[in-house]
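Both complexes below contain chain A, partnered by chain B and then by chain C.
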Partner chain A sequence: MTPPPRQQALTYLRALYDPEAANKCPQRWTWALGRGNISASTVHRQGRRMESVTLAVNGTERSLEVEPRTLLVHALRDELRLTGTNIGCDSSSCGACTVLVNGQSAKSCTMFAVQADGADITTIEGVADADGTMHPMQQAFHEHHALQCGYCTPGMVMAAISLVEEYPELDDQGVRHGLEGNLCRCTGYQNIVNAVLAVAGSGSDGSNQDRE
Partner chain B sequence: MTMTDDPATHMGSHRLRREDPALLTGEAQFIDDMSLHGEIWVGIVRSTEAHATILGVDGSAALEIDGVTEVLSGADLAPLWGEGALPCAWPVTDDMRNPAHLPVATSIAKYVGDAVAVVLADSRYAAADGAAAVSVDYDPLPAVVDIEAAVAEGAPLVHEDLGTNESYTWPLIPDPDAVDEAFANAAVVVGERYVQQRLIPAPMEPRGVIAAPGVANGELTLYSATQIPHILKVMTAVTLGIPEHKIRVVAPSVGGGFGCKLNVYAEEILCCALAMDRGVPVRWTESRSEAATATIQGRGQVQHIELAADANGKVQAVRVKLLADMGAYLQLVTPGVPLLGGFLYHGCYDIAHYSFECTSVFTNKTPTDAYRGAGRPEATYAIERAMDSLAVAVGVTPEEIRSRNFIAADAFPYESCAGLIFDSGDYQAVLDKAVEMADLQSVRAEQARRRADGSNRQIGVGFSSYVEMCGLAPSRVLASLNYGAGGWEAATVRVLPTAKVQVITGSTPHGQGHETSWSMIVADKLGIDPDDIEVLHSDTAISPTGLDTYGSRSLSVGGTAVFMATDKVLDKARLIAAHQLEANEDDLEYVDGAFQVKGTPTAAVPFAAIAFAAFTAHDLPDGMEPNLEAHVTYDPPNFTFPNGTHIAVVEVDTDTGNVDIVDYVAVDDCGNQVNPMIVEGQVHGGVLQGAAQALYEDAVYNEDGQIVTVNLGDYLVPSAAEAPIYRVASHVTPSPTNPMGVKGIGEAGTIAATPAVINAVVDALRPTGVTDVTMPASPQTVWRAINEAQGGAS
Partner chain C sequence: MIPASFDYEVAESAEHAVSLLAEHGDEAKLLAGGHSLIPMMRFRLATPTVLVDVGRLDDLRYINSDNGTVSIGALTRHSELEHSALLAESAPLLASVAALVGDPSVRHRGTLGGTLAHADPASDLPAAVLALGGTIVARGPGGDREIAATDFFAGYFESALADDEMIVEVRVAASAGGWNYQKFNRRAQDWAIVGVAVAEEGAGVSLVNMGSTPVRASAVEAAVAAGASAADAAAVAAEGLQPPSDLNADADYRRHLARVFTERALKAAGVA
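Take a look at the complex of A and B:
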């Protein structure tokens, strides 16, 4: 329990990050996911069992090694450095982590990266055009002032894109119930609903009618 | 400065936010998005007991986990901070009791969530696994959970050595005899007791910290999801004894704060101390469940309010006794929160006599501190609920009782019975507008119809007229309240050689859109395009001077500093132009981004030419320093006093107790508006937070001091499905306190909404005999209230 003295910082770091040292680590993992078939791609890094996962992320095939219990959201954020997808809770309640998995919106904190092996994943980084033109949903959020701090926004935009795709004939209540799984603490939702309706093109754009 | 068709005028227009694209595309960097080479992760072992002696910390199981490198108890860590307890910057009274609050407890854990040990690891997963695997041996002590129980005879003590659970008592009673006399002579007296439940602020981004040392020269860079990088820098220096000039604090993109990131937290001090000691970056990211107890909570008060009125319902005196829950320790401004409401219990009413007394008590719970509105929502709730009770007692409508008592529009500047000077307002005009928008006549007709029918869907109308003190604050006034800092704000306007402009602000946005609004202010004054202006903030290396963002102060203090710094730039530019035109500077006017001799547009010096001339310094007036840049530190002469009337219309299902907000009208006077789109957004979000206190949110503790509402499944932050549709309007009386005539809007919605919604619920239930509903008015609570009022079991 004694902290290494300051002068040992470098040695200490080397032990943590030196791959040579890491290979010599005992393979101590004892928890298992209960998945019987550990694939041939299982490797061990620093004593941890790692699985190879291949994801098509925003149209590009990406291979990575993750622990079996690594959540998809952590694989995206920490391994692939796609940090646009945010984390707002640990109970699948907030939707900040929403991405599209094979075209369907999913909370990426509710699945393991290994469960997404082979899947098409779209994150917020992948919805604008290659030339940087924002997706109509992003543009609508901008035009309707549907974000303040912006932390819920990537998840909200992804959920909204998938909602409009699935139910093109949305009304106000449809949007509100459709986005129930995505929490925003800043906006009070009205401008979000208006942005989504504007994209859905069914209801009128409520933002002006509500203004006096 | 209201809406205008002049395209050259940006102030008053719905200009879209420049902050949006980075946030919309995922490019913005929040704290957890960052990664520093060689960083180690901190996992925190938190007390599972509300009050217990720590007998031992056993880290052996944690050390078996791959990636866990160390387990440190509070005692192991103590040398890192020595006497350096977490700071409380607001000793409201000289005899306030402020027990030392160490970042990690050494001997006694005082609340569930109190840090008791720390795990260091090489990854976030290992840190979390490690923290879960540490076993702590506790010897439980009796816990104090309820604030009224805390002050009862024989209550267990949170801090044994203090001999009491009271932290301080703060009275504001300008003329006690006059108050007594008013009550003795009153035709009508209303007395009410209200409970402000504790709230979890719950910004969508949890907190996070990365502390990065510069080993060679003893520097420290602290990245934190904070509202207050400037204050945090000073406090980190003071707490850990690191020379302040060696510290840089950076707030990256911050995902909302609502007051809970206005603090100096254990994890910030811990990561800094470890980083300096180990010479490596040390980081921690809060989980949502951790946030329930590791981040401050809001509210937590029991209020007793009495009104003394004449037979017409004109109030003569207000008397308030408050019991405020501090939690186990005093955080940065914990003790000051009740005081911020303590001046406003007379609301927006012309009441002659005032008596306020607050006793603040310790409990074995997470510390409370500023949460959106901080003291003012509580005060507004009490007076607005009590005014409705008075209306019933006198037999008039809620709008009539308010009209009879409002401070008159011609009474400003108005000196209040609590000793403030209100800047401007027309409270009656605001109420009239709200009444018109709400179409009160037809709502009341529908209400009458349903009452007559005995419908199980009763309609209720709730009013809330509020005034708040914002623009925190004149430094001298803060001094009189024993606050440990000033209330000024700093700004620099720097004109670059190519006539592009940098604005450096000391106020620290986390969703409020400062970059957009500040650029609009400067663009209008300089006659240039807002896109030619960059607004820099939130990094003490770039913006060394500032007091950050809280208390709806950004625009009225920070924005005013920007406005004044721009004036200063123009003053210097004018001298340069006069020199070039060989004219007297008094004969010049600034039109469309150029100086010209009045009425002679042919000879004009454009802004760009002045910028370049200031840079080359080839031909400046004698003695003038090169470059075009100005710095202003603005200390406001007074608070600002935003006000408004909100009307909620609810439908209550008397069979199930369910409440729906079916209409919500908000008319606010925040003075002149720089960007009405942003103002509306603040109102929307604020109203929902206030309505959420009324209907959904409650940080529930059981009698052992265990928190029950740990995550967002249990703590009911409303979704779009619960949110009402807001109909928002404004009435403008410019504040004479600052040159832009602005007041502040960040907290208004939250302040107004809670009593509006509860007043509406009580109004709906009046035929059932219900006169009060506790918050949150969940279906169960409402159903019980109805049942009880009708003589059934609760």
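Take a look at the complex of A and C:
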């Protein structure tokens, strides 16, 4: 049996979102899957209004004008020039863009800047002290050499800061599960887990002998 | 990819959101946590021209238990379900399933109402609400109406909600009975290839990703009610279902997984 087109689209979405699948969708799906009149609506959309957004970024109030579709990560990087937050997968899988929104980790590629209006945003640039003293999580990453190429590191550090705050009694498995939304393509996970455990103060040595 | 452009409206209340939906028709979409909608918009699989942001409706973020009914506001985030002591006591299946959705960053943003309205057959929480025999309260221009979870899911990404309705509350019966959730996937933070939720109270068994909607495994429920063993009840887990075939699993493999995980879930829940 051929699966319904929408299911095919969904399948492709899951397999890293091949938009071609959506083109096969019948007209009645066009609302949800947005096919059929893209060129017309794109023209129609030229005059969309801008929105004013005020963010408290790393303790400093910043106001900017954005298109509603501007993602938070683009506002941070392109408008505010805070390029420590990286963009990885573009599909909320890898966590490279993780920042804190009102103290909780969030993937800034999966939030519109307008959604963060009025929020406190902390990026990797904002975690060290003004005198350059590193945040304990940064220090632990340094001491445990919890990085190889470093691309995932800002997101890892931000996710880890939020993780130890949210789960006070973290063990090795807890760190691994808690960071599963952050991918290190150097696969340098062991030292990352060690660093986070050092901050969590669980007393574990971070060995992976009991991994399932 | 950058989403197609849209106009952005902030809803001041659920009523305001409903009126904005009525005004803009099916071109408008509600934005709650955005963790299903924004990825679809980024890949241009969804191109709504108006987004109505209900994410600031903090009066719809609550978990209450009263007279044996647990009421959860639609904007309650997965992480709030996960950490709620009240929920751990009165509807532990929901709290436990919430903790398995995505990863912590996703759970900080995603909402219960959002995941139900998205109606993805592969999502975890809809199946949990279904197994618990929950009720979904939808607000529309004419007021509120209650929709049984068993009547709520209509097809792939399709629910019983009208274009101008939004979910405001989810209700489940408080339960001290056994429960279990089995989620099978191959990659961390991924959707379930197959999932099984079991709730002793009401003998609800529901399946994830075994069709176009989350489904109650009615054959299993009937077998359990008739006193069958877990193995015998689980043997009919895929009866009457047409599970999808995709890169992760073909339909026959999904049927096999449904039987295996249903048996485990029934045993772990102490139901059969």
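Here is the rule we go by: the second predicted complex is superposed on the first by the 155 of 212 C-alpha atoms of A that agree within 3 Å, B and C clash if a C-alpha of one lies under 4 Å from a C-alpha of the other, contacts with A are read in each partner's own complex, and residues count from 1 in each chain.
Just so it is clear, a residue touches a chain if its C-beta (ideal position, glycine included) is under 8 Å from a C-beta of that chain, and two chains touch if they have at least 3 such contacts.
Remember, predicted model here, so these are calculated numbers, not experimental data.
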Touched partner set for A:Thr54, first chain B, second chain C, both or neither: neither
Chain B versus chain C as contact partner of A:Glu180, first or second or both or neither: both
Residues of chain A touched, compared between chain B and chain C (which is higher): B
Which of chain B and chain C A:Lys107 touches, first, second, both or neither: second
Which of chain B and chain C A:Thr98 touches, first, second, both or neither: second
Doubly contacted residues of chain A, that is, touched by chain B and again by chain C: 1, 3-4, 6, 9, 13, 17, 48, 67, 69, 74, 90-93, 177, 179-182
Of chain C, residues touching chain A in the complex: 1-8, 26-27, 31, 34-35, 38-49, 51, 53, 55, 79, 83, 102-106, 108-109, 120, 122, 155-157, 188-189, 191, 212, 242, 244-248
In the complex with chain C, residue positions of chain A that touch it: 1, 3-4, 6-7, 9-11, 13-15, 17, 19, 22, 31-34, 38, 41-42, 44-45, 48-49, 51, 67-69, 71, 74, 90-93, 95, 98, 101, 104-107, 109-112, 114-115, 159, 162-163, 166, 177-182
Chain B partner contacts - residues on chain A that touch it in the complex: 1-4, 6, 9, 12-13, 16-17, 25, 28-29, 46-48, 67, 69-70, 74, 77-78, 81-94, 96, 123-125, 128, 134, 138, 141-143, 145, 147-154, 157, 172, 175-177, 179-193, 206, 210-212
Residues on chain B engaged by chain A in the complex (per definition of touch): 16-17, 19-30, 32-33, 35, 38, 40, 59, 64, 66-67, 69-73, 76, 122, 124-125, 202-206, 215, 253-256, 258, 277-280, 287-289, 437, 510-513, 677-678, 680-689, 711-713, 717, 719-721, 723, 725-729, 749
